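For reference, chains read A, B and C in written order, and residue numbers begin at 1 within each chain.
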Amino acid sequence: MTLIAFLDFASVFIFALTGALVASRQQLDIVGFAFVACLTAVGGGTLRDVLLDRNPIFWIAQPMYIGVACAAAVLVFFTAHRFESRLKTLIWLDTFALAVAVPAGTGVALSLDQPTLVVVLMGTITGCMGGLLRDVVLDDLPVVLKQGELYVTAAVAGATVAALARPYFPDALIPLMLCALVTWALRAGSLAFGWRLPVYKSRPPRV
Amino acid sequence: MTLIAFLDFASVFIFALTGALVASRQQLDIVGFAFVACLTAVGGGTLRDVLLDRNPIFWIAQPMYIGVACAAAVLVFFTAHRFESRLKTLIWLDTFALAVAVPAGTGVALSLDQPTLVVVLMGTITGCMGGLLRDVVLDDLPVVLKQGELYVTAAVAGATVAALARPYFPDALIPLMLCALVTWALRAGSLAFGWRLPVYKSRPPRV
Amino acid sequence: MTLIAFLDFASVFIFALTGALVASRQQLDIVGFAFVACLTAVGGGTLRDVLLDRNPIFWIAQPMYIGVACAAAVLVFFTAHRFESRLKTLIWLDTFALAVAVPAGTGVALSLDQPTLVVVLMGTITGCMGGLLRDVVLDDLPVVLKQGELYVTAAVAGATVAALARPYFPDALIPLMLCALVTWALRAGSLAFGWRLPVYKSRPPRV
């Protein structure tokens, strides 16, 4: 299994867990859990593959990804009641999913020799779009664009580090590990210590 | 006209009716009716074609599909006030649209010799994504993920029946008819008799 | 630079301004501004390219588009507080973005010799989908489907004029200028003078 396949599997599994946790908050049935888990898990990577015209899409080439997402959904369906605070679990799981999905997307774009800006965008899209889809469809907590937290920022920073570091290393392993580290550290620091960028403050009253 | 083309036309027409009915609830103008009708009618099949890299997309190859969707929109624009309960009409029409779209998507994937899991997913996506798009964009009743009803479940079950039955028949006709029947029966039974899967019940208070 | 490339750049810049203005209403940070600006700016054209199977997608072939969208986001981040009524600015900017994006999409489909109906749809999709994505994701004012205003109608009319006029001109320049003019005039007239199509009126009480 290549490094990118491993990252894809890991991010599919963890994002599926987050999708299923959101489904548990909506009290769906087990097929609903699987549906939301799959949407969240493969949404970002699917968009990446469609945009880069990779054929077949990763989960059509290897349907086991869907099996992994469904397994995560079943796991959550039978165990979610054990987590006292599902929201907190969800948000922390999501940090790991992000930190794995961003290098997965970045790695694919690097392996296709895309220009730096496209590499950064593909890492960001792969990392952020699954969660965004989950939130838009289920109308639940919109983690990606939550005011005053680093999320897209963490993804952009991680992907940028990988893209800039890549020429100095013989293969993509260390740049992608740096990417995961930077992404996770920024996202987790934002949650734990309140790290953030200055937000736009309107001076006249909002209309 | 092939069987799949017939199913595509029928599902486009019926989904377009449901989209136009939602537009009537939002009191849009006739172009708004056509826009929502087209989005609902071709959304699922478009996603199927993009994911499977079928070129051209079915309604670009045959723009008559768009004409059919617009005709449905015009029909509803001038007659919807006759239905006393548009919501009930909408939900029952939607059961037929689902029962036609799922075999349409399943048939395409079968004809491309995709693995069983991909066949099931394509049937489900074709059946569920048009309605999901309609609901997400118009922010109206989210039929697809409504708690405690069979919808995605009906689509998955119908597509699975077709995929499993296909090897035992010389062509896809009977498996696709079975698919339509199972999908419609489960969805309609869910509405009429309250058939459902057990939903997830949180034991600790929701956070 | 070709005419279509110029239209694409102009529509990306103006749509990015509108996306960033919506981000300012949500008080996001600068990366959030850039994210929403990019989504709005390239959303419609990306969908057009995916549907028409143009490879690579326009902003992957020419990542400068993303740079332009980010520049618009930075510009708005530092100046939006100067606009007394951001909503009004947003809505008027959006009329220009629409009037540039519709001919951009129409021109691409014309250059690919698509049938008339597909040309009209591609103009409409390119013009309307970026703003629709922005509104669905940010859950802010849904400009595209606002009851009793011409928006999709303006796009359809403009694209239709270009498609019908094209055979009478040696190149696409004048048809696309007519397209921009018709689109803008209808949209602006709708805002300024209340031009509209009759909306559907339900006679029985809504259910």
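Just so we're on the same page, a contact is a pair of C-beta atoms (placed from the backbone, for glycine too) under 8 Å apart; a residue touches a chain by one contact, two chains touch by 3 or more.
Being a predicted model, the structure only gives us computed values, none of them experimental.
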item: Interface sides of chain A and chain C: same vs different residues, half threshold; value: different
item: Cα-superposition angle relating the copies chain B and chain A, to nearest 5°; value: 120
item: Approximate Å spacing (C-alpha centroids) for the pair chain A, chain C; value: 28
item: Junction residues of chain A, two or more chains touched; value: 50, 136
item: Interfacial residue positions of chain A with respect to chain B in the complex; value: 23-33, 35-36, 46, 50, 55-57, 60, 63, 66-67, 77, 80-81, 84-88, 136-139
item: Complex contact set, residues of chain A against chain C; value: 50-53, 114-115, 117-118, 121, 128, 132, 136, 142, 145, 147-148, 150, 152-153, 156, 196-204, 206-207
